[in-house]
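In the two assemblies presented below, chain A is common to both, partnered first by chain B and then by chain C.
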Partner chain A sequence: MQPHLKRAFIILVLVIIGFLFVRSFIVPESFGQYGWYRGDSVAELRDIPVGYAGSASCSGINNECHKTTYSIWVDSRHKTVNCETCHGPSEKHVIDTRVMPEPANDTREFCGLCHFKRAARPADFPQIDPETHGENLKCAYCHNPHKPWFL
Partner chain B sequence: MAVENLVWGYIYPNEIEIQWSVLIVLYPYITGLVAGAFIASSLYHVFGKREIKPVARFALLTALSFLLVATMPLLTHLGHPERGIEIMFTPHLTSAMSGFGYIYSFYLIVVVLEIWLSFREDIVKNALKCKGWKKQMYSALALYSYDISGKALHDDEKLAKKLAIIGIPSAAFLHGYVGFIFGGIKANPWWSTPLMPIIFLMSAIVSGIALLILLYIAASKLRKKVLNYETLFSLAHYLWVFLILDVALELLEIISMKYESLEEIEIIDRLLSEKIATTFYGVQLTMGIFIPFVLLILVMVMKNREQLKTLMIAVSSIFVVIGVFAMRWNVVIGGQEISKSLSGTNTYVPVFFSQEGVLPAIIILTIPFIILLVLTYILPPWKDMDEDID
Partner chain C sequence: MDLSRREFTKFGCRIIIGAAAGATIVESIATLGVAQEESSNKEYDWNEHLWGYVVDTRKCIGCGRCANACKLENEVPFDEPVYRTWIERYRIVREGTEESVKIDSPDGGIKGFAEDIPAEEIKKAFYVPKICNHCDNPPCVQVCPVGATYKTEDGVILVDYNYCIGCRYCIQGCPYGARYFNNEKRTADKCTWCYHRITKGLLPACVQACPVGARKFGDLKDPESEINKILDKERINVLKADLGTKPKVYYVGLDREVR
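Coming up: the complex of A and B.
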């Protein structure tokens, strides 16, 4: 073989070895342990601190802290929307009531995530056109988010 | 425009947003140009068509310029380009896409080696002749081995021919496989056909040859040199031949769909008669195939009048390049405008300034020409064009 071809061949082999070398330490060791993902990620995800406490921790079986609001909400059309959907993750507040959760998100855009008119939504789902409905006021100005038809 | 006006009939909620934008139209378009330019160059390197020799090495550089940006539309579309390499580190073999990294890399190696071998004589001569940083660059490109004896060049040529022989199926595979990705999507009646890889391949060859013709004419005009008409007419002839194969396959697909009239035919009819009527019948078939087809026949039967024939070939090539882009558009966008429910359609509205927009697409399509400019500065292929064909 000509010397220049030999050199080109060596470079090619080096590139391939380089690829395999880089691959050997970039691909995590636990990859493929359970499936097409990093096996260690299961333990890592498990160890992430819990942020959400669940609606049942606001009132009901365990305590009666937010009894009134809870009893209104639990019969409302919004009963499938958890407390923390609007009020934010509250695990810390449940553990220590002195730690207050973030104020509830009451912007028009936030309500609009579900209620702005979209062609892909079922026709009988309550939807509004934000341009024409509500004069740009916050939704909670008229609607009670804990009982939406309670104007 | 309100989203309701873009929708007709019943579509599924997750179809309201068209996910594969103009960037995904660009991806098969660019890989097609690569495959086409490479196959045009192999007409000389493998099949020994001497009339193609003036553009054979230029075609290789064109193929490399476009190959280097072939991944860009995908990386821009997906975001996080640093993760792109993971498709090669941990390819999930149940996905057709997982092979892309390997096929692309293999083809890149073949093209680079092929270019290196066919330019090695010039590289070595430059390394011996130039001074300063240029000498360093050319010496490095020559791998510090300066043997350009008759035997060494003969060995290079033999190896280059072998590589080109491997290169043709690789080029066909690279692009046929892009077609396979679409053809293998069984849920979409507009894509799901085993003909797709071969349709993609034929249109790739057509667009690659047309692009080569345009670049050859442009390069000659810019350098103020006369065109080699034998080369130009020969390229035009190949363009015409592949155009016939391309249109035969494209129409075969539509005709068999019509004749079989499976349950999806109503939505396909609607797609063809309303959604993509202009880009399909107007741009893809009439402008991209029929007009060039007639013009190229005229070029072949006309005697003398080289100027007019050159103009006709240039116009045909521009139309073909646009027509093939329309074909990619009709496949990628058309396929997403019909609902999987087969009873509704959506409309794609391109945006200009956004990651998925027209602006990045234009930028990505400009880059290969800049790369080509740099490449032809380092490795000028012009000598071939100025020599007489022996």
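Coming up: the complex of A and C.
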């Protein structure tokens, strides 16, 4: 073999080895474990802590927590509204009861997010005209949010 | 050995390609066995599930509790106009003899919708919740240059926040506008169907927050699941079906104006 070709081949082989060497450091170990991505990231995304605990956890494991409110709510027409939809994410409170979630928003506007009259809402959904109904009082002044009137 | 420059280049290229291909094959063989072993050890087996989502637009009241819950659960920057799920209001408005479609989504619907068009002028109005469609054929995954976004075996499209370089190509690639740039993480971000919740047997935060049951989530592989019963019974549509992305968010009662 001519010496200049020999040199070129040696350089080529060294470049390939160098490429593979550097690549083995740069590419994460779990890359390609399941597909063209870092396999460890699936576990990382799965391990993110939960924020919303779910209504079932509010009654407690042996029904020793919010017993009365829960039993009222579970029979009411608001039973499709999850506790945390109004009371906010409460997983931290479930784990440690000393950590209190923010108090529920009891303004007219908050109830109105669902119940103010809007043209785009299904017609059979209970809605009020905020101009004529309730004299600007808080809804909870007349209605129990855990067991609303009328059904 | 007498080689022309062209032959030398050809030969060199072959060696490089061959070595790279060889290394990839060796690597994939080496990791294949490991992957199968590990997935069988964990309690959640993603091969047993294929998640799907149903939105009943006839039930949605536009309260925005889904978008609110999503932001709190997933630490989406709350005061920035970025959303993993949001609600659009469609109003078909009479203007003389003409009709026009007005679409809006102020703050993603989180703060409610003001009634700024007189009711007499509105011919028809409805809300449409939007969310990542977790396409079976996702364009966003195809365009990622570094492999930082991928489809899991249970059909969820995820972003690897530690690997994303923030080039925003996937945000451009999504035909549904479901991706956004997270200024806090400095990466692309999107709905994960609350992957940290569904793998623990919980519902996504938006589904749990919905007070009227307009959003349903479940396992397409389970014939007894609620969403499979809806898919069997109702007339179903998907968004932009002509793009061939094969969305896994199915809409009931979708109007022809919805894009």
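Assume the second predicted complex is superposed on the first by the 97 of 151 C-alpha atoms of A that agree within 3 Å, B and C clash if a C-alpha of one lies under 4 Å from a C-alpha of the other, contacts with A are read in each partner's own complex, and residues count from 1 in each chain.
We adopt the following convention: a contact is a pair of C-beta atoms (placed from the backbone, for glycine too) under 8 Å apart; a residue touches a chain by one contact, two chains touch by 3 or more.
Just so it is clear, the model here is predicted, and its values are computed rather than measured.
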Partner chain in contact with A:G54 - chain B first, chain C second, else both or neither: second
Partner chain in contact with A:W36 - chain B first, chain C second, else both or neither: both
Chain B versus chain C as contact partner of A:C142, first or second or both or neither: neither
Touched partner set for A:N82, first chain B, second chain C, both or neither: second
Of chain C and chain B, partner touching more chain A residues: C
Contacts of A:L14 with chain B and chain C, given as first, second, both or neither: neither
First, second, both or neither for A:I95, with chain B first and chain C second: neither
Contacts of A:V74 with chain B and chain C, given as first, second, both or neither: neither
Contacts of A:F125 with chain B and chain C, given as first, second, both or neither: second
Touched partner set for A:L45, first chain B, second chain C, both or neither: second
Overlapping contact positions on chain A, where the chain C interface meets the chain B interface: 2, 5, 8, 12, 31, 36, 117-121
Complex contact set, residues of chain A against chain C: 1-2, 5, 8, 12-13, 16, 20, 28, 31-39, 41-42, 44-52, 54, 78, 80-82, 84-85, 88-89, 109, 112-114, 116-122, 125
Footprint of chain A on chain B - complex, ascending: 3-4, 6-7, 11-16, 88-90, 92, 109, 113, 116, 120, 142-145, 147, 152, 155-156, 159
Sites on chain A touched by chain B in the complex: 2-5, 7-8, 11-12, 19, 23, 26-27, 31, 36, 117-121
Chain C residues within the chain A interface of the complex: 1-3, 8, 12, 15-16, 19, 23, 27-28, 31, 34-35, 38-39, 44, 58-59, 61-65, 69, 72-73, 89-91, 112-113, 115, 117, 119, 122, 125-127, 147-153, 158, 160-163, 192, 195-197, 199-200, 202-203, 205, 208-209, 211-213
